[in-house]
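A, B, C and D are the chain letters, set down in written order, and residue numbers restart from 1 in every chain.
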Amino acid sequence: MKNLAAKYGREMLVLRSSKKDNTVINIKGCAIGGEEIVVVAGPCAVENEEILKETAFKVRGSGAVILRAGAYKPRTSPYSFQGLGESGLKILAKIGEEMNMPVVTEVMDTEDIPLVAEYADILQVGARNMHNFALLRKLGRIDKPVVLKRGLSATIEEWLLAAEYILAGGNEKVILCERGIRTSEPWTRNTLDLSAVALVKELSHLPVLVDPSHATGIRNLVMPMARAAVAAGADGIMVEVHPNPDKALSDGEQSLTPRDFSLMMRDLEEIARACRRRLR
Amino acid sequence: MKNLAAKYGREMLVLRSSKKDNTVINIKGCAIGGEEIVVVAGPCAVENEEILKETAFKVRGSGAVILRAGAYKPRTSPYSFQGLGESGLKILAKIGEEMNMPVVTEVMDTEDIPLVAEYADILQVGARNMHNFALLRKLGRIDKPVVLKRGLSATIEEWLLAAEYILAGGNEKVILCERGIRTSEPWTRNTLDLSAVALVKELSHLPVLVDPSHATGIRNLVMPMARAAVAAGADGIMVEVHPNPDKALSDGEQSLTPRDFSLMMRDLEEIARACRRRLR
Amino acid sequence: MKNLAAKYGREMLVLRSSKKDNTVINIKGCAIGGEEIVVVAGPCAVENEEILKETAFKVRGSGAVILRAGAYKPRTSPYSFQGLGESGLKILAKIGEEMNMPVVTEVMDTEDIPLVAEYADILQVGARNMHNFALLRKLGRIDKPVVLKRGLSATIEEWLLAAEYILAGGNEKVILCERGIRTSEPWTRNTLDLSAVALVKELSHLPVLVDPSHATGIRNLVMPMARAAVAAGADGIMVEVHPNPDKALSDGEQSLTPRDFSLMMRDLEEIARACRRRLR
Amino acid sequence: MKNLAAKYGREMLVLRSSKKDNTVINIKGCAIGGEEIVVVAGPCAVENEEILKETAFKVRGSGAVILRAGAYKPRTSPYSFQGLGESGLKILAKIGEEMNMPVVTEVMDTEDIPLVAEYADILQVGARNMHNFALLRKLGRIDKPVVLKRGLSATIEEWLLAAEYILAGGNEKVILCERGIRTSEPWTRNTLDLSAVALVKELSHLPVLVDPSHATGIRNLVMPMARAAVAAGADGIMVEVHPNPDKALSDGEQSLTPRDFSLMMRDLEEIARACRRRLR
């Protein structure tokens, strides 16, 4: 395990052998990868300005520091809601500015990178695109942070090397995000792999977030898994919150209500303190 | 999901629909499944009296309340060390008594149940035998608690129904234990599924332990995963500790030293408090 | 891969390095592991004498040479039909004799080995018991052939070493049986791993059967998978046939009708010839 | 299972419920999806003109009808050989023309589609890009056939819906290709899922190829798996052949020599006949 330098004939930028200290990424005054635990929250998709604003207002009130929402949605079926595209980006940027929260959103196509980078503070590579090397390579040439979700069944090695694609291009602002892997367990959407979080924190200097919403697909599991993620050493949590989950256009069954979210934040506060860290 | 009554044509004893309150199992004054988090520790196998005694003495000193060690070892190869058998059971019982710690050990054969039950306070069904229904059925007829590890690739449904085999026989003292499932990730021995812990705590009244040693197979991951397990809602932790892991006859690379164990216990203390529980 | 001798410190009986030529197992004049492809067929469970007799009569008429049916059934729920036990064994032995077909049936408990060995010509270890080392060890001391199914998520290495347990005990008559492994594909019951069949035929001298019924769980897939298994190098096929699948007490949805079975046999005849083999 | 229309609120073009008869795709006189089994062969990557020409000449001589080779290679590490890019495309097109063989090659970036479509007769979506919906959508608007490999851990449902993205865009020329999925078996690169082939042939009208090279990663398994694939109902085989596998820049250990390939073709001829089909 782990002797990637020997295996690939080259020192890896992603590993602590190349850079000992934790990489801390600053986005509009918010630091990811430092001592503070960062919480990213928002609805699955930008649906309209009103819902996004309401969500942002509430999650910010409970302590979220970054706003998330998708304008381009990777959907299994071509007939499902695919996101609002550019108009979604505009709404997201506007609300982010109003709320004074940096925003993160997914980019799915190399051709969309300039557009998404214009509106978003952080660009996200979804699990389904973790092996999209053309996308990774081009994200290596921009000057914005990238959240890199672990692929649906990607090994830790592949995940680190996907990050290496971005670092090798010159962009050192990579934030890893564990969101569960595929297993033979059918009762949860995926199996959240917190060992991967602890192992990656040991091997790599990059910050690691955990997304318990996509990992479990079940609202009641989001809270305990967020707590467990912080206890395992994650640098932050990324969750879906919707003011009215039952009416969400996508992923409603895994979205927290703003009230659930506020309870979760209190729990995380305690766990962070027990780990000698604190919520930002 | 989860409508097992409809699927199997019968109310399940293992579910909260049959029994609302948590099952709390008392073993020589030690309660599993209540407010207190219980820590079970010891070497992988009984190797000899001296090593076991030293380990027991040290883990008890750091707060472990139950002693674990195998006399019958399920080994992949017939040529690997298979455990000391009955003489191992005797050593285990003797040290348990001297240290005033209840002992838990694995039973692998229906024919050995009477013998193992004579020496052990708790009988363990290993992951490889979770689907050994003959064994489960006979454990349903004894009057000792049973630790039931989740099978190598068992679904949560199958795990609960394996417990149901024991409960249906009349033995209500079943303690579930999550120990990782098989996935396509090769860097960890298994993938610890803490969502399963949170989900089973919601669905079932039975206590749930987590074994981070077998789940990860990597010493450095045992501590963060033990913390995460408590944060996810586990009722206890089961870990391998060996005074000299490099010389252990089995599983050395995942065993904690007594010193690691004592550090872990301090961490767990903090996490338990953050979860409004405490270590026993 | 595959240097098991080095890994386990000992030459493995199961490998061709210990025995170059194919092991051919003779059961009442029927040879498994030789040039002829052998077909084992019958209902999932012994339900009653009449149904078993009808099934045996029909499958024998289409070319099956060995009769299969379960008297002890490993069921996920303790409340599902668990098999007729000893009276099932008696029916099976009686019909086998009347039809002049050797019979194979599962043994689930070490204590049942003598009883099952009295009635059956071949004893089967089910997938759920592949890691039941106590059972394997005791089957190593009997003088009857054993069908060893691959475990639910067993690696090829573990499967071969499970066989080694039996060989090491002195029983060389082991027949391996691939029956699918667990994966994240939900549309089939398991994923039939025919590469494992080709690889095991290369590495080991033991005969290998394929069970396309349990592997797929879907009647329509049994025929193409049986053809593919023979093309991949399997020494035989083991399938479930029921005169009235919709009324079967277990596994009806994957059972062939006698008519399907007869069509399958014609297909297999052609494929066997294309592989320079023939059906027995 | 399979009621996708109900699940996604819309009839699916990919299913036989929308189009009963098999889709047959004609490429320069070569029909895929009809009665004839088609064999696609060539090296993993275009390395230089000489090697490609030698390979093409030999595989054509043994019966391959389509030439494959990668100009853009999806590699786990950014430091591994990434393919020759446009100059590779030119070499491939030139040799294809000289040998009178249609050529297939992978496209990894939406921006490269026009360029690749200029040189290739068939565009391939690799397993790592099966969920790259931007790529699929744009391939729906071109007028060239697309080989769509199944994702690393994609379910059959997701694979069919990925094809639906292309069909929904107006491009009906989709050829599915099974190439193994990720499982917990470490001795083979992936686990070839031939049940998926049989099931997809039943559910969909699209042609299905099988790639036993990537599925197994082991030269000796390519031949038996190619035979099994045809027996399972595949419409063709896609294999890696290299004149000197030990010196290949990528995937040498799974490449056939031209001599292996010629032996495989003889085997396939027999199996095809046994299935009442023939090699083209």
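Here is the rule we go by: a contact is a pair of C-beta atoms (placed from the backbone, for glycine too) under 8 Å apart; a residue touches a chain by one contact, two chains touch by 3 or more.
These figures come from a predicted structure and were not determined experimentally.
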*Among the chains, which has its CA centre at the largest distance from subunit D's?*
B
*Decide which interface, B-C or C-D, involves more C-beta pairs in contact, and give its chain pair.*
C-D
*asked:* Averaging over Cα atoms per chain, report the distance between subunit B and subunit D in Å.
replied: 47
*Distance from the CA centroid of subunit B to that of subunit C, rounded to the nearest Å?*
33
*Would you mind listing the residues of subunit C that make contact with two or more other chains?*
153, 157, 182-184, 186
*For subunit A, which residues are in contact with subunit D within the complex?*
8-10, 74-80, 108-112, 128-129, 131-135, 137, 151-154, 157-158, 161, 164-165, 168, 182
*Of subunit B, residues touching subunit A in the complex*: 1-2, 153, 155-157, 181-188, 191-199, 202, 215-216, 218, 220-221, 224-225, 227-233, 270-271, 273-275
*Spell out the part of subunit D that touches subunit B in their complex, as residue ranges.*
153, 182-184, 186
